[in-house]
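Next come two complexes, and both contain subunit A; in the first it sits with subunit B, in the second with subunit C.
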Partner chain A sequence: MKTPILARLVEIAGTMLAVSFIVYLVLEANSGDVAVKVLGPFSTEDQRALWMHQNGYDAPFLWRYLEWLARFAVGDWGMSTHYRVPVWQLLPERLGRTAMLAGATLVVMIPVSFSLGILAGMAKGSVADRIISFFCVATTSIPEFASSVFLAAIFVFWLGVLPGASSMTSGFAIRELVLPTLVLALYSAGYLARITRASMVEVMEAPYIRAAMMRGVPPARLVLGHALRNALVAPVTVIMLQIPWLLSGVIVVEVFFAYRGFGSLLYEAGLNSDIALIEACAMISVAVVLATQFLSDLIYAWLNPRLNRKTARADAAGIPSETPAAGAAP
Partner chain B sequence: MRRRMLPRLPVLFGALIVLLWVLCAVLAPWLAPFDPLHSLQPLVPPLSDAGAGRMFWLGTDMLGRDILSRLIFGARAVIVWAGFATATAYVIGIAGGLVAGFYRGHADRLLSFLANVVLSFPVLVLYILIITKVGASGFNIVLAVTFASAPAIFRIVRALALDLRERDFVLAAISQGETPLRIMVLDMLPNAAGPLIVDACLRLGYTTITIGVLGFLGLGLPPPTPDWGGMVNEGRPLAFAFPHLILFPCIAISSLMLGLSLLADGLRDGEQRPLKSTGTNLP
Partner chain C sequence: MFGLKMLSGRRLHAAAPELCDRLIRGEIGRRDFLQTMSWLGVSAASASVFASAVVGDALFPTAARAQEAPKRGGSLRFVCQIQEMTDPAAVSWIEASVVFRNTLEYLTLVDADNVSHPYLAESWTPSDDLKTWDFKLRSGVKWSNGDDFTAEDVAYTIKRWLAPESKSSNKTSFAAVTQVEIIGPLAIRLHLDRAILAIPEMLYAYNCPILHRKFDDMGADWPKNPIGTGPYELAEFAIGQKATFRRRAGYWGTEPYLDEIRFIDMGTSSAAHLAALSAGQVDILYRIGVSDLDLVKRLPNVQLLTGKAAQTIVMRMQVDQKPFDDIRVRKAVLLAADNQQMLELGYRGEGTVAADYHVAQVQPEYFPLPPVKRDIAQAKALLKEAGHPNGVDVTLMVGNTQGTWEQNTAQVLQQNCAEAGIRINLNVVPSTEYWPVWNKVPFGLTYWAHRPLAVQTLDLAYRSGAAWNETHLADKAFDAALDKAMAIVDVKQRSQAMEAVERILQDQAIMVQPFWSNKFTAISSKVRDYQQHPSDYFNLFKTWLA
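Coming up: the complex of A and B.
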């Protein structure tokens, strides 16, 4: 019981290390850029060289990476060259806002997709099933920026009931959270509902359900009392795996609605070649992804004691089954 | 008869949409009413008369370019680049997956670890990282998409290859002394084709969306190219007064993705049918 968890943690640490190296390598590609961004386009070649030298950019690559890694590990995440404050000062506020957005999304998404999935999976091939299945394909097909436009067109432009920007300049406003939440929930609800449906269909065909049906158990009790618990094992695991997906969507939605969260911070950092900030943001997003994968493994094993840990991991890691792996989605 | 046709309706609908956009892409110069790069009258609303018996069906953008023509030529840009990027990702993903599935052991462990590393990024973070660094251009988008989606394809191919590796015909080929390359390409790959085609359909859609999202973030195909995501990005500051600037490109990209998803769904059902229900398919 203990060793697989330990092995998994070592694996996660290895992945983090490899990721940090890749990120550093990608950012290294033309570090001359940084000097231009900091000193402006009219700086001379000498000024840039001097700045690079002063900030330690002329040391060998591997040495700089190790130096950075050591400092990162002890919590010194460097200065943001764009905002000109230490990186750690920027992050808590932005992360908090994004966590709020993600939390609101999950609160909307989970009940909606579970009910839709159960409703569709209860009677495979029924009219309700077909309508819901089509709805799911449709919502997952519309990219976040397009559904942002559509929803904004309806609620901001046409009905005029919601604000079109969520910059929260005058304090927290729940109204400004509605549209971003709706866009994110709409996009991921379809996928989660499909998983729930597939799982529900499988359970409804299981012999013990047939036996209960033949015994004359009323449909409501059949679904709620017998099928539901087993049908929700897979979807609950998938919720965790949704989070990396949410993170990608968050960037688009935050940029569209000018919501000042983690996603827009990462985007701005990328546009401004703000290396220290990008490094920190990338590492945080990867840490979030790996942590959720780990949690999802644990939950799966806990909900499904019959399975040993090895198969649980293979399943949760997204080895292709009937549904596309969460990691494979945009 | 009616009951048999009904489930196929969404698939046909999907195929129709995809076909429509492919036709637009192929026949763009003949279908588009105007030159997509030529400035005419700026910010004309949809359904306005363009003079000389022609219409601005979807209006014009802030530089006076006809939006319908830009959408039609945009289909060409999107399908060409998305197709190219998906194809490259497939070549690399398939090669890696076959090698990992055939040789197993250390090769498999190394490749799987690399794939896991790349897949632990939220995809968009990876794209922003790469594109802001190497600059926005068609080839760099191909590069970024390949880097980000090859590992996912690798996983699928690897799982299929691991299974095929144990089959009798592969074992027979090995004992006959066929070269590994020949076994991988001629014996294993064709047997993995079914699920891969379904996945390719979906992935083509994801890549389309990726190109759209990158365009929306200002990291897509460089400006004069008509690009759906880029049109949304350019039109956004004026969207309140002129919603047609961003509404139509959004409809275009959503419809193409919807078509591809429905098509993939239908193909997947077809893929599974012979396995699951034997006999019930007879009329």
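Coming up: the complex of A and C.
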């Protein structure tokens, strides 16, 4: 296991390096705008030229990139031009907030979708299966921006039972977490339940389950003891794939509910062309994507020991392990 | 004379008796009379008594309200953007001033009716030729760090606007000031190279707060060192997040009611703002958009405030950029535009139609100039003459800085112009992308905030070489006509002098200025004595929470 893990880590570092170059290229190639951003639209050409010179913007591009990379690597991530504070000061709080939202979403989503998926998959074609499948398709096909509006219309404007903005301006309030969590959980739970169901159906039709059934193993033991572990391989991969989405893909929900998380930070950074901040956010997103992929490989191997020997070589060669999620998707 | 008193106790300004005669003869209204008298340094109270005696009671009485005794205390939550405000004189956003206004104060105070009142200046006296202005400053005012407020602070602040390295737009608006003279510990004199009547009003512009005389020495970063003369002190500040003010002891004026004011930045989603207001999480929204009206009218615990103001959008063309360097192309655009339709479809009719010269009916110097009559045939003929027989392609940049109604309005213009063969390609960008280039694009849609006087806007926007001259108009005749209008005390004469100013702007065809948009905001039903201000210069010192 040691060598493949090391190889995977080297691969992760290589990917991050490549992404960092692309990010820098896209954002900093046109350096003229940076001075305008920092000094304001009423600054003179002379002031801008002086600022560019003072901040090393007249050096060759590749040299600037290497300098930036060196600074970035040691934690000097520059100043946010919009918030006027060092970038690293902004990130911990925002990441923490988003992690909290993501955690809450997972806590709601996983039990709900596993139960629904198992319930539906246990008896394919039953009434329960049909109702659950309909519910899953319905929630998954409503995008977050629409369900945000619906839920706010019902719970904030009509019933008046939940707060409409989740800025947590007076400190942490669990009530303010309810609506964004609900929107995210509704959207992703349907999908996860469908995956769980498909996976469950497949396992339930496997010969060893049929054999157990014929031997008279009680249904509860059959599902929990024999089918579940194998049926969870695909859903767990899906959950791992959803973590990056919960980090940067929740922009719509965070902005709609004025939730101060990583997604809205990235949105505001983009809106204000806050280059240093976009760079840091992009690198963090990439790091999280790679870390969850790495983690899902490990969990996957643990859930399915047969894959250990098979994927060791593939991992070392840099070939991503097969993702049954894609195949199992409805 | 007439029972009118100067704030300074000196002799009445030479122009005052003539104004009284005109009021008596019914040639000017009560509001214009009060406004002009206040500029001349006449006490608003005495002018009001005089006006009531002549024309009866106020025409714009404050809405009758059940008499409630104001309650002291409480914390008010105000939603607006928390912007960078390192140098309060250099900010270009009114929202920033709504925040620092609680600590920093101005020489004068212009109320919602455009009448100027004493503030840090106790009184002012212009010379008869309006070129020398004496200001007597309030005594007993202390900075929050314990220093006395003196004429040095005022002189320092004004000189800083005018310095060569100044980044303040005040450099243009106060360009006529040649000298700032300290004539006593609490008295300053401004020397102007041309006559300007509205100096007291101009001193209440959002970026004119008086700074401490050691502002630059103390780091020139206001939120880091938030010294002020106002009743509140800045307790917390984070751009994009929050600014909290707490009442401080030792304020020179009347104690405000609120203990704490919390400005909260809730991002750009107006849905979140309204939801927060509806759920009682916040008390006042800075403003709401025209598309939010239907929802707000249905919310039970929310008051909708609305008002007319001289705020507008201009779809302006740069006179030195192709194809707009040919006046015939610009005229063709104006001839094709249907301003009434833009108001109805773009802004749901919630405003007043305008006529392409950027002077509003609500401004005192307004001269009613007829609008450009829509004429597609003539527009086509002009285009042909200008060498575009098959029409012309142009790109209009829209930043939706005030909401998507800007884009909706531009789409109407696009349809209007298509009839004349002017094919407009709309380039819609986020507002933060528009502001860095707003004065650089050849054809762009720019929002202009209300200013009490049209000449203030025109001076900043259309004078040759002015800081915010986005059309690049350089017309000596216009500059001269504007100078002339700015020096006339008499409202009627000034309005007549504006005819030439407005005509040049309209004839130059530099902008389609379709309408004046009404203002809207929504506040919690608990909020009392909060008044809309046409310039968005909200003052919370009398506001209280029931």
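One rule holds in what follows: the second predicted complex is superposed on the first by the 304 of 330 C-alpha atoms of A that agree within 3 Å, B and C clash if a C-alpha of one lies under 4 Å from a C-alpha of the other, contacts with A are read in each partner's own complex, and residues count from 1 in each chain.
The definition used in the following text is that a contact is a pair of C-beta atoms (placed from the backbone, for glycine too) under 8 Å apart; a residue touches a chain by one contact, two chains touch by 3 or more.
On a predicted model such as this, the values are computed, not experimentally measured, just so you know.
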* Which touches a greater number of subunit A residues, subunit B or subunit C? -> B
* To do: Scan A:L162 for contacts with subunit B and subunit C and give back first, second, both or neither.
  => second
* **Partner chain in contact with A:F257 - subunit B first, subunit C second, else both or neither** => second
* In the superposed arrangement, which partner chain does A:L27 touch: subunit B (first), subunit C (second), both, or neither? -> first
* Check whether A:V286 is in contact with subunit B, with subunit C, with both or with neither, and answer first, second, both or neither. => first
* Asked: First (subunit B), second (subunit C), both or neither: which does A:Y83 touch?
  -> second
* Answer with first, second, both or neither: which of subunit B and subunit C does A:L266 touch in the superposed model? => first
* **Which of subunit B and subunit C A:D297 touches, first, second, both or neither** => neither
* Under the contact definition given at the top, report the residues of subunit A touching subunit B in one complex and subunit C in the other. => 149, 152, 157, 164, 255-256, 267, 271, 273
* **Footprint of subunit A on subunit B - complex, ascending** => 6-7, 10, 113-114, 116-125, 128-130, 132-134, 149, 152, 155-156, 159, 195, 199, 202-203, 205-206, 209-210, 212-213, 216-218, 229, 232, 239-240, 243, 246-247, 250-251, 253-254, 257-258, 260-262, 265, 268, 272
* Show which residues of subunit C lie in contact with subunit A when the two form their complex. => 77, 84, 86, 90, 92, 167, 169, 238-242, 262, 264, 266-269, 271-279, 281-282, 295, 299, 430, 432-433, 435-436, 438-439, 467
* To do: Could you please specify the touching residues of subunit A with respect to subunit B in the complex?
  => 14-15, 18-19, 22-23, 26-27, 29-30, 125, 130, 134, 137-138, 140-147, 149-150, 152-153, 157, 164, 244-245, 247-249, 251-252, 255-256, 266-267, 270-271, 273, 278, 281-282, 285-286, 289-290, 293, 317-320, 322, 324-325, 327-330
* Asked: Within the complex, which stretch of subunit A touches subunit C?
  -> 33, 36-37, 40-43, 82-85, 149, 152, 156-157, 160, 162-165, 167, 169, 255-258, 260, 264, 267-268, 271-273
